[in-house]
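The letters A, B, C and D name the chains in turn, as written, and every chain counts its residues from 1.
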Amino acid sequence: MDTVSLEDARRVIAAAEARAAEVGQPMNVAVADAGGNLVAHVRMDGAWLGSVDISINKAFTARAFDIETRALGENAQPGSQFYGIHASNRGRIMIFAGGIPLRRNGSVVGAIGVSGGTGAQDQAVAEAGAAAL
Amino acid sequence: MDTVSLEDARRVIAAAEARAAEVGQPMNVAVADAGGNLVAHVRMDGAWLGSVDISINKAFTARAFDIETRALGENAQPGSQFYGIHASNRGRIMIFAGGIPLRRNGSVVGAIGVSGGTGAQDQAVAEAGAAAL
Amino acid sequence: MDTVSLEDARRVIAAAEARAAEVGQPMNVAVADAGGNLVAHVRMDGAWLGSVDISINKAFTARAFDIETRALGENAQPGSQFYGIHASNRGRIMIFAGGIPLRRNGSVVGAIGVSGGTGAQDQAVAEAGAAAL
Amino acid sequence: MDTVSLEDARRVIAAAEARAAEVGQPMNVAVADAGGNLVAHVRMDGAWLGSVDISINKAFTARAFDIETRALGENAQPGSQFYGIHASNRGRIMIFAGGIPLRRNGSVVGAIGVSGGTGAQDQAVAEAGAAAL
């Protein structure tokens, strides 16, 4: 099972930070490994305190189900097939945009989680990070 | 109180695994006893990490209320009579398809919980397991 | 990163069960993968309900620190260097005998956790399981 | 309120990583701000999974009480004045070596938490990090 290294995580985070600076919104950025465990996290100056937990858990969620949290969220709305999934895993499941699996050679090797702005901002920053793997 | 034995649980899990293999989706499968306590769990290779907790808690939920989690979910939607029940029991209540009570001679003797695919896949695999009791 | 498969976990659990039967004490046996996530669990008929959580978390702990839980416990006594470690990781750290890392080709690829008897019994059963990897 | 910036945190972490490399033991290193909230975390390749939570909470603890966790631990032994404090704050209080307040101009502006080796190793690495503020 291939997994991200700390060097990988730092490259992903650096790309995410650069994108957040362009967007003009400070962010929390976290990277989890293939086991869903945290590898690295940064909170940019001025970013929300409540987003520490959210960024770490968006990364966990994206690896836990090998899916973007935005897509999971679409399936977790009232009336949808996974409604209620956010109550599982001791409060670690995040069902809004900002978590993206990290893939290498076709395998999920970890995930990035971003929190600090609008859903669209979080998603854009996460995509920039994921692209840097 | 009649309750499932480990041998029962293994038979149920084996049937669920066989159905999951047919469906082509690796699953987490758990069996709880008449007390709602875990008897056995397996995570098939490649199944989602986040589904460990969900499968165990779907089994708990199905026995906790003697109801399929799919049916409980219908009553737990916004505006419905049990909306909010997923906040109870310290995060153990799952309100989407995949949990089914196990019955023998008219009594609930345990439950199966399945997680790893779509709601329809989880339900189909759980039904196959329940039928093997 | 090498990790245990479900087939590996079943072989480990079968060996542990056989040893538990010799010892004459029903046990909970759990196997975690290289990421600390549960692969499989069984509760033998008559084994303690409270040991479900303990067996799963002994396996987690043994992988989380790549150490036998018995050895961690020696370092977690009052006055020792890791006293208080059992308060970390949301209550998942077990500091008494029964958790052993699973090694293959020099790497830790998972862990076994056993709970259901005395410390010496749990340890003996876990050793039998670990030897079967 | 003066508090560490992300740049400060990275300088502290870099010094801690350099010391950990000298010691030859991979570590988790976390830095919290003046509010006790995480600013940055890294898990060096091969460092214990269970130390993610511990490093973050050693930093929290050192700021929460403006004290080194090693010193808090001395007062938290059975029979001592703070025995039992590790049960407070939802499992976030760490009472063994590796957490150190970060001071600037006489004020505590954050804290570093290190976990991954013996108590003496964690302390040495944390001191190296703290000295780099």
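Heads up, the rule we're going with is that contacts are C-beta pairs under 8 Å (C-beta built on N, C-alpha and C of every residue); 3 or more make two chains touch, one makes a residue touch a chain.
All values reported here derive from a predicted model rather than from experimental measurement.
Note on connectivity: the fewest chain-to-chain touch steps from chain B to chain D number 2. Across C-D and A-D, the chain pair carrying more C-beta contacts is C-D. Look at where the CA atoms of chain A average out and do the same for chain D: the two points lie 25 Å apart. Distance from the chain A centre to the chain C centre is 31 Å, each centre being the mean of its Cα atoms. Chain C and chain D have Cα centroids separated by 28 Å.
Residue positions 49 of chain D are each in touch with at least two other chains. A list of each chain pair in contact follows: A-B, A-C, A-D, B-C, C-D. Touching chain D in their complex are the following residues of chain C: 35-36, 60-61, 63-66, 78-79, 81-85, 87-91, 93. Considering their complex, residues 48-51, 53-54, 57, 73, 76-78, 86-87, 91, 93-97, 118-120 of chain B touch chain A. Residues 1-3, 33-37, 90 of chain A touch chain C in their complex. Residues of chain C touching chain B in their complex: 5-6, 9, 35, 37-45, 49, 52.
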